[in-house]
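Lettered A, B, C and D in written order, each chain numbered from 1.
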């Protein structure tokens, strides 16, 4: 069983296992290193970083919901320069494979971030989080606008050149996810990350107002798993050659396998780490055992397996 | 660079005992050798609701006391208020139940190197970590005075054995059902001017901590407070538990109360900006 | 406390309480009548009926998910004629206030259904379920297409005349829910029902294929409550005068109150009845007690309360 | 018009006993007077997982036997296979626990008015309702022969006391670990031609029911089977549990197995169309 090949690729980046942290759910990596070695898993996806330091949204920033939670962090972070100076060297020192997530408020900001990352050693891929309000267009979230999504990815692609793979991270809060996916792949994304959180709200019955400081927040956790599996399945059916980093509510090996057979080449674990700091390694071990039990010789054989032709049809 | 969460481990702790004390439950957990790493101010994060629970997040509780127990090895004590579903579940756990805990987490109260005079102020279950703290301070030779407050008598947690390490203990309730009627903050200004207090340690509702800080800011007294913000992860990875804190240079940033707290220097916390956008 | 006025209105229809069944979650009413009197609650929203009888989707039609479920029924039903002949008289005999839900595959089919209902006595309102595939336009769901949504409601409005209130039921699976809501209100909807189920999928790890016969299904239950509250809040903010029938995961009085203060004039209970056949009356009692405890003199005062101006701002 | 769910009530039933029997749990619930309304073939729908459960749907279990018990009033017995999280939770409930049940639901086996000869065929836990049925048939003067099958010995449920109402009992296991090696359906054709059997009653996996029906369709024998489809509500309001069934006129429609079943006339069920679109 130890022979089972768990390795995967996202664009031209190779990873020994398909298990990744989810952006914003592992901070810069240091915090989890007490619970497992960061190089044991497929890779670390860092918290989305912007060009300047940001203090984020007011508290309360979270609310627990049935089998899930809402968060409203507002991309608090140190800004790209401090990030490159302090966080990347740490991850490199831990031999962690690193996917840097970037976020911007303008098409230009994304390109600026890409330019700064271009020359940084030790990065495996760039995840482009386009679920941010576009300040140039009425605050409309980039990922909800096919044209804006394309332009962001196009800008990042031009800036990065052909080296680093680009993973475009999409929002499920759209009428036609496949159209957005096709657009960003056309614009140069090598892979897709699906799904970001679903927009939600909780009302606090003590104050009788929205509970979160930012009023709305992003829903994550097991509650959204069926939405995430559907998104991955739909997009893999439409774009079978584009690798997908699947996420949304994965809490155990079975969830990970569900996502993989739906079409994901790798999976990110977010909220599950909050409930269980060792979730990533537990899930990785469970996935390995399950793949073995189901008779797969490698992870690769399982990717998209739920789409196979039906016998006799 | 110091490692974050460096003493923390995830383990299954057995419930050694669970007793009702007023409106709270005193719960003792066997955490084995891990107990040696637990210091006053640290907290535990507990998985609640069992296997099929719809609650996905851990719950944070201050470590009230640490004991080396012959039968069980190290144990930690929690004082839990049955508030919502998660804490009620915890309060319903019986002796022998195994509970998934991550511990110890967060910063600990700073202990003076000299035997100075200190004041401990607790609100509600906020008194829990203060008795363990008093023991340590007492062993260091400090004179420990304690003020406890709550809305009503059975929300005061003040165990007999805890009083041993305390030189004086005064209790305040808003309804006057125990001790003096009034707020725990009322006597602090005169105490600070009458006694030679070097440090005020506080734990309780945020509003109480802020009120104490208003008082200590008028003085030279150090204020070490254990803050309480909603926490999704307890280990520094989610950024939900932040509050605005200044550094020595006066630059304010949003620090995580789970790893840069819960114990913080009250003078640096920007109390008026908690819950605001910076 | 018994004095508390729970009555509500949707368009010109009056209901003694704001608690309704959700379409498709109470069949034709008879099945629940063993557990409580149908006239005890605000009203019964019937399963969406089409013009012809339909056998629906293949089984399996359901999968349980964390704090929710997927369903894929495919609008099985007897067709409008049998429905009018058999089900309406039963509801009338029980003195149940009845909202008839209609569904069609063409704009014309909706109008036909409306025409048949026009002359039927004992109906309080018509709920127009536009979360159906539009056979005239590549199977695109009406509710995901602002123009198609408008045309359906416009057709129903013209056919019905001004008498019966029209409640347009929208899908949350869209980029801009407020735009769709505004469109159908312009076209003549008196009220809105929010939300229909969220598209999801579960993979069966035994067969390694989508579990449901229809592959995808609709996610309902507590898992989607934060999405539903957000939808109601957003739409109420944009259209404060349009009454909303809120639904999605309501399982107790607190959930109902959350939805009401977010902006709902009434709430529908779906999945909760599957877990608890007496859910509707329990929720109604809990809501009454909560409103009282919070100091409201009437339901009306609580509708949209979370939107009130902040003191001093 | 007959009222749907007309005997059903939602009630808190106490667990009177819970014993492991092979791979199953025999669970006895106190349902008081409601027991009088429970007939062989009916089922109960049980809320699983407790207060904070992420499982929102009830689980269906056949009522195995109904007893009038001096200490508790009426009790019903269930035979539960620990399959997934919900049934495992149920199997873990201890004596004294209160469980939220809706009962009795669904159709019951039809009992012949004359004392005819009948054959009862059960697969796995499908034997559960057959022993209660045998008692009723026996009391009616019928000759009752029973065949039970499973993959292996400890999936055979055949209690001692149950055998009293049965004239003959033969057991089949696929691995030969108990009774004869083979399938429970193997002996049916010869039994139907050798004996004067009027009705076959069956309960078990859908594939077994279909196989039995293939045999009975070659004969004049009536086949009453208890089907098992996934149910979200158990009370007829969700339309998830349907299967294609013909009426007397040969018109096929999708009937709900929770209210038009679980007991159905095997000859009318369209076995080849189960799971297809009509």
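We adopt the following convention: contacts are C-beta pairs under 8 Å (C-beta built on N, C-alpha and C of every residue); 3 or more make two chains touch, one makes a residue touch a chain.
Just so it is clear, the model here is predicted, and its values are computed rather than measured.
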Joint neighbours of chain D and chain C, given as chain labels: A, B
Chain pair with more C-beta contacts, A-B versus B-C: A-B
Maximum centroid distance from chain A, chain identifier (CA atoms): D
Between chain C and chain B, distance of the C-alpha-averaged centres to the nearest whole Å: 47
Centre distance in Å when chain B and chain D are each reduced to the mean of their C-alpha atoms: 56
Computed distance of Cα centres, chain C from chain A, in Å: 34
Centroid spacing, where centroids are CA-atom means, of chain A and chain B in whole angstrom: 36
Multi-partner residues of chain A (each touching 2 or more other chains): 66-68, 221-222
In chain B, residues with contacts to at least two other chains: 54-55
Pairwise touch network: line, ring, star, complete, or other: complete
Partner chain A, residues of chain D touching it in the complex: 54
Chain A to chain D touching residues, read off their complex: 66-67, 222
Contacting residues of chain A [partner chain B, same complex]: 24-27, 30-35, 47, 55-62, 64, 66-69, 71, 73, 76, 213, 221-222, 251, 271-278
Of all residues in chain A, those that touch chain C in their complex: 63, 65-68, 70, 144, 173-176, 198-203, 205, 208-210, 216-217, 219, 221-227, 229-230, 233, 249, 254, 257-258, 261-262, 290, 294, 305-306, 310
Partner chain B, residues of chain D touching it in the complex: 49-55, 85, 89
